[in-house]
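Just below is one structure, and these are the notes that go with it.
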Amino acid sequence: MTATTTGPTTTTGPATTTGPATTTGMEPTVVPTTTTGTEILTMAKALTLGLAAAMQSDDKVILMGEDIGPLGGVFRVTEGLQKQFGAHRVIDTPLAESGIVGTAIGLAMRGYRPVVEIQFDGFIFPGFDQITTQLAKLTARHEGTLQLPIVIRVPYGGHIGAVEHHQESPEAYFAHTPGLRLVSPATPHDAYWMIQQAIASTDPVMFFEPKSRYWPKGEVDYGSAGAELHTSRIVRAGTDVTVVGHGAMVSMLLDAAELAAEEGTSLEVVDLRSLSPIDYAPLLESVRKTGRLVVAQEAPGSVSIGSEIAATVTEKAFYSLEAPVLRVSGYDTPFPPAKLEGIYLPDVDRILHAVDRALTY
Amino acid sequence: MSYTPETLQLLAPDGTRVASDATEAYLPYIDALTEHQLREFYRTMSVIRRFDVEAGNLQRQGQLALWIPSIGQEAAQVGSGFAAKPQDHIFPAYREHAVGHIRGLDVVQIIKMLRGLTHGGWNPAETGNFHLYTLVIGSQSLHATGYAMGVKFDGMVGTGDPDTDTAVLVYFGDGATSQGDVNEAFVFAQSYQTPQVFFLQNNHWAISVPVRVQSRTPLFHRPRGFGIPSVQIDGNDVLMSYAATAASLDAARSGEGPQFIEALTYRIGAHTTSDDPSKYRDEDEFQYWLARDPISRFETYLRGLGEGEAFFTEVADEAEQFASEARARTLALQGPPAESMFAHVYSQQHPVMDAQRQQLADYEASFEGGA
Amino acid sequence: MTATTTGPTTTTGPATTTGPATTTGMEPTVVPTTTTGTEILTMAKALTLGLAAAMQSDDKVILMGEDIGPLGGVFRVTEGLQKQFGAHRVIDTPLAESGIVGTAIGLAMRGYRPVVEIQFDGFIFPGFDQITTQLAKLTARHEGTLQLPIVIRVPYGGHIGAVEHHQESPEAYFAHTPGLRLVSPATPHDAYWMIQQAIASTDPVMFFEPKSRYWPKGEVDYGSAGAELHTSRIVRAGTDVTVVGHGAMVSMLLDAAELAAEEGTSLEVVDLRSLSPIDYAPLLESVRKTGRLVVAQEAPGSVSIGSEIAATVTEKAFYSLEAPVLRVSGYDTPFPPAKLEGIYLPDVDRILHAVDRALTY
Amino acid sequence: MSYTPETLQLLAPDGTRVASDATEAYLPYIDALTEHQLREFYRTMSVIRRFDVEAGNLQRQGQLALWIPSIGQEAAQVGSGFAAKPQDHIFPAYREHAVGHIRGLDVVQIIKMLRGLTHGGWNPAETGNFHLYTLVIGSQSLHATGYAMGVKFDGMVGTGDPDTDTAVLVYFGDGATSQGDVNEAFVFAQSYQTPQVFFLQNNHWAISVPVRVQSRTPLFHRPRGFGIPSVQIDGNDVLMSYAATAASLDAARSGEGPQFIEALTYRIGAHTTSDDPSKYRDEDEFQYWLARDPISRFETYLRGLGEGEAFFTEVADEAEQFASEARARTLALQGPPAESMFAHVYSQQHPVMDAQRQQLADYEASFEGGA
């Protein structure tokens, strides 16, 4: 079977302009675009395959970014794709993020579906103006006659021991911006499917890839996505405290749940998956059951997605809460030098510490 | 004032034709113009100026939040606007009312923006590929470049078929040249050799800031440093504006890559109706440019070609009528419904929009209930 | 007496470089810089006087921005200052916000204290990268050897009937960014003093000026600031529900309190004044008394300062809360066309509606 | 490869001096160099190369998270670094180890950054005004321009006093030229006529992207479009790098405004130790540039001047020692204390920092309690 996208985002897409195709299809296929069954893959490889599948099924899908061509991206997510689809579909751009996002907007107006790679979280800011004042607003500005199916892939987060600007989690900036959709996969399976669903979306999608999860392997089921793009998911059932997070936090929450179980505390773990909009139903249902919620994220806590979840869950499940929603997050400092990241970032201990605090109420 | 020895001109301020070696190559474009086209140049400049005055009046009468006058820049806009072919795409800044009009935009759409009814709202596919106004200075330059990359990827450049080959024309001001985005647009355009013409209207001011603060060097030198061919023209000369744009668009469509035109012109009015130029501009400069008015210059030229009074009277009447129709339609404009706020933030269903639309409806209903 | 700054922010400041002074002091003084007693002023004028006083007391204070010279800024806040202090201290810059912020950083490294004017809220985004990756981080990056006394003035907010990008409230983006301080005055008095305190701060301060409050007049006491920069303040005492906001919201909250009082509900009104850090003590004390809190802001509600206040107050005053913290805010859409701003923005009715809801718990 | 007819060169790849009309004006700078200075050029290039190799080894041995090699770019850096006067300020990107060394930066500071112990942390006032490395491409160009504006406002330009007049020297790469910030720096520098030299090390690659993607036009043309005088030099010729920088700094200090140098050089190593150039670079290009090595060229030249073996042996020993000291000191580096995270986010007391510092301390104490 062909890897097609599923979910509500599969619509007809914007009117595309015709013209001579730029890909000949003559190049040797180096990345399989049709797969079946299941396979154990890294998230990086799952993304490569997901991108390849999307490019195969719609030749308006193009990739743009710094070093994504012959190098295959600094994380090798686009490895082999330029060879397979040609330099007009996997485009090494000049070194200018505003230029990349701004020209991607123009290309989308022309009927393309650009998938932009930002090299590292901390380097999205030169493109922030185009994202905030243009990409996020142009659909509304056109009042229904323009769709902007652009995906901005942002490798993000810490735990990789890297230098300044290479370990940040800037989701909050975009979650505060109306007009953008934000998602973040936690597993290779979700990465494979969510990147295709994001590309199929007719709205701009910020696609946050947890760098520290690029290399661990997991099973990908090529047969079915299993969920729509903007849904959260309970990944471990429990009864005492609900813990929620996204991206790299999810595996940490699962580890915490394992440890907590050994000590007799049952955690219910929610994988947020979609950061904007947030799918609150499973979370609220869980909180109504447990009465306690801990939100974990790598980003600084102030004015963050964690703040929003705390505020909203408290508003919607006020009478169910036995304890305030507690946040475990990066401190409100710049991401520190790598030797301190283990202290800066939430870990299993800090999550369990918050769980314990939630249980003291 | 900022004319240089390289400034290209076909029509002197006194309405006489001038010739030079440098403009020689442009003459075929002028020679090919029909009388009808020349009349259309004049008609469009006159109608838009009259409309512009009317819109200013409407603003003063409280009918618009703001008006952005284009008076004085008609030749730059009308010449370049008529030079574009139907398949070309145009990315304006926010002052290119004449270009929009030429491409088929209903100018009342612009009025709607400045009355606070919409942030744009026209459909470029229905306005001769005239895209929305962009208020964040310089942003549109990158959209234009991206669009032109797409045209090139589509193979619609250099085919030799005059109805296929497509170019993009992007407008921006002297102030905009300082923005990173505009310079990045030069980088991308040159790197991908996009079919694109950058059209700079140097009207000498960015609100109150004179162009010399943006650059002590003539701005048409800038793109050359990026490897983009460029010319400086008398932007108040509609013939030169037409010919230079037509030639540059032809070069772009045929695959010669991006081109650049600096049109020297002047913002005769205020920056917007919120502005007070008396605070920063001196009378001499103003008078200097008044004497170089694009419309009266062209009128003299047409009269010299034998155009009779009847035509000028007809145009004046048409302009009057155009303005009064615009006024009437402005006064009849209806406000957008509240729920339109939520309608197009996303192109697909979105739970937050649904919830907030409902919240607003419930809230408003709570008053109707008499609470 | 001379208008000097008070509060904890008055320190020695960065080592300044010596060299020939650039201001001769020969120009006629057009804006008084020494004032006594009290005066009824607009906020715009109070800011002009506050800037003049700061420039007078420290000749390293310079102003930079678009149209701030002969025009005096589009809101006339710098009116007369270029005439008074010279073109080297009131600098009309090229039209490039990243350039303005970036060069202000360099000037601060040289010992200057630049006060940058961003023309409108929506035009801060081209400068976002320099603010986020440089201005906010350079102090930490230097580990104690660099101070960056830069003030970025941002006229913000709606209710002025303007076109796109001219009515926004982007505070949340900066409140999520460690390394920045954020304040917003609600009255002419606070404007006069807080701008001087902000300039005296040795850290970068984002100074949010509520545009719709530029023209109403209020009393300025030249004798005393009355409060330190990063403090919030109870501006009306009450017992039933606490309402908190900043900038233009404050007068609206006071109006709401007046109306509520007529109906027998007593609102305690808190003027936040400082958005980062937030001075929680008065707010928590109030909430512990009333048990109910409504947060009002013009910005979209999601992932906002309102979210943070809701989350933090709930965490710190959990057992005191009779109702969830409710937020009244702009909707999660781009700021709409001006004709709809009255519906989009919180008004007295929406605030009272939220108060009523809080009281139903 | 990217040499143009305008590329200035004093020392050919084979180590012989070359003369041309274009370089004539630079000769006084060279003639004024003492033997000692020439030896210092060689010594610095050699020591830093050896250090660079050592740092790469340390990275491979797991002692550094990353290393950023400067091998191949020593002449560009050493020539320009020695041309600056003590009062000048230098804003590097992140590869200018040799320049830092010249200005008195302890290179172990750079190692600390790349070991994950700091994001900077040196004090420019103690490192010969060598400012911190900046990793966001191009950002430092605006800081440098602002700093130079300050120098000018301070009146420390064009006084004629050689110890007063001050210039700013800013480094960036070929990739950086595409960033809006760098182009805005050109705009501001030219507008305010700052005492500033832009020093572009065109090492032909931005990670895996060849310079032709950034520009199809020689990059030294770019600043000319902004009105900034510019030259292109053989960046692997330490004499040319020195003379061009000295002359440009002199021009900047004397009030002639910003100047620009494009130094053609080559990144012999990987972009960083995380990079694999075999994926994108071909052997021919690599060999071409190996043959133009800056150090061996200068060694030949010095030997031609009569420098004996003893000196070269001495330098080799010194380089060995420098590297092994750096290694030893690297291995002895201590991690920063956890609370340092909170120490300098703000320069003044901050309640959130206080609270979170305490929170962390309490949390850590909860483990010590044996919980």
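We call the chains A, B, C and D, going by the order they appear; numbering starts again at 1 in every chain.
Basically, a residue touches a chain if its C-beta (ideal position, glycine included) is under 8 Å from a C-beta of that chain, and two chains touch if they have at least 3 such contacts.
Nothing here was measured: the structure is a model prediction, and the numbers come from that model.
Colleague: Comparing B-C against A-B, which pair counts more contacting C-beta pairs?
Modeller: A-B
Colleague: What's the farthest chain from chain C if centres are computed as the mean of the Cα atoms?
Modeller: D
Colleague: Distance-wise, how many Å sit between the C-alpha centres of chain C and chain D, to the nearest whole number?
Modeller: Roughly 40 Å separates the two chain centres.
Colleague: Report, in whole Å, the distance between the mean C-alpha point of chain B and the mean C-alpha point of chain C.
Modeller: Measuring from centre to centre gives 37 Å for this pair.
Colleague: Please tell me the distance, in whole Å, between the geometric centres of chain A and chain C computed from their C-alpha atoms.
Modeller: One centre to the other, that is 34 Å.
Colleague: Quick one: which residues in chain D touch 2 or more of the other chains?
Modeller: Expected reply: 118-119, 136, 178-181, 184, 187, 191, 213-214, 340, 345, 352.
Colleague: Which residue numbers or ranges of chain C touch two or more of the other chains?
Modeller: Correct list: 93-94, 96, 98-99, 122, 125-126, 129, 133, 137, 140-141, 164-165, 178-179, 302, 331-334.
Colleague: Considering the complex alone, what residue numbers of chain B touch chain D?
Modeller: 177-181, 183-184, 187, 190-191, 193, 213-217, 221-227
Colleague: Which residues of chain C touch chain D in the complex?
Modeller: Of all residues in chain C, those touching chain D are 8-9, 11, 15, 17-20, 22, 62, 88, 93-94, 96, 98-99, 101-112, 126, 129-130, 133-134, 137-145, 147-148, 178-179, 181, 201-203, 230, 277, 279.
Colleague: What part of chain D is in contact with chain C in the complex they form?
Modeller: Contact set of chain D toward chain C: 118-121, 123-125, 131-132, 134, 136, 139, 141-151, 153-156, 180-181, 184-185, 187-188, 191, 340, 343-352.
Colleague: Inside the complex, what are the residues of chain A that reach chain C?
Modeller: 122, 125-126, 128-129, 132-133, 136-137, 140-141, 164-165, 172-173, 175-176, 178-179, 276, 299-300, 302-308, 310-312, 314-315, 318, 323-327, 332-334, 361
Colleague: Could you list, by residue number, the parts of chain A that touch chain D in their complex?
Modeller: Residue list for chain A touching chain D: 66-67, 69-72, 74, 92-96, 98-99, 122-123, 125-126, 161-165, 302, 331-334, 336-341, 343-344, 349-350, 353.
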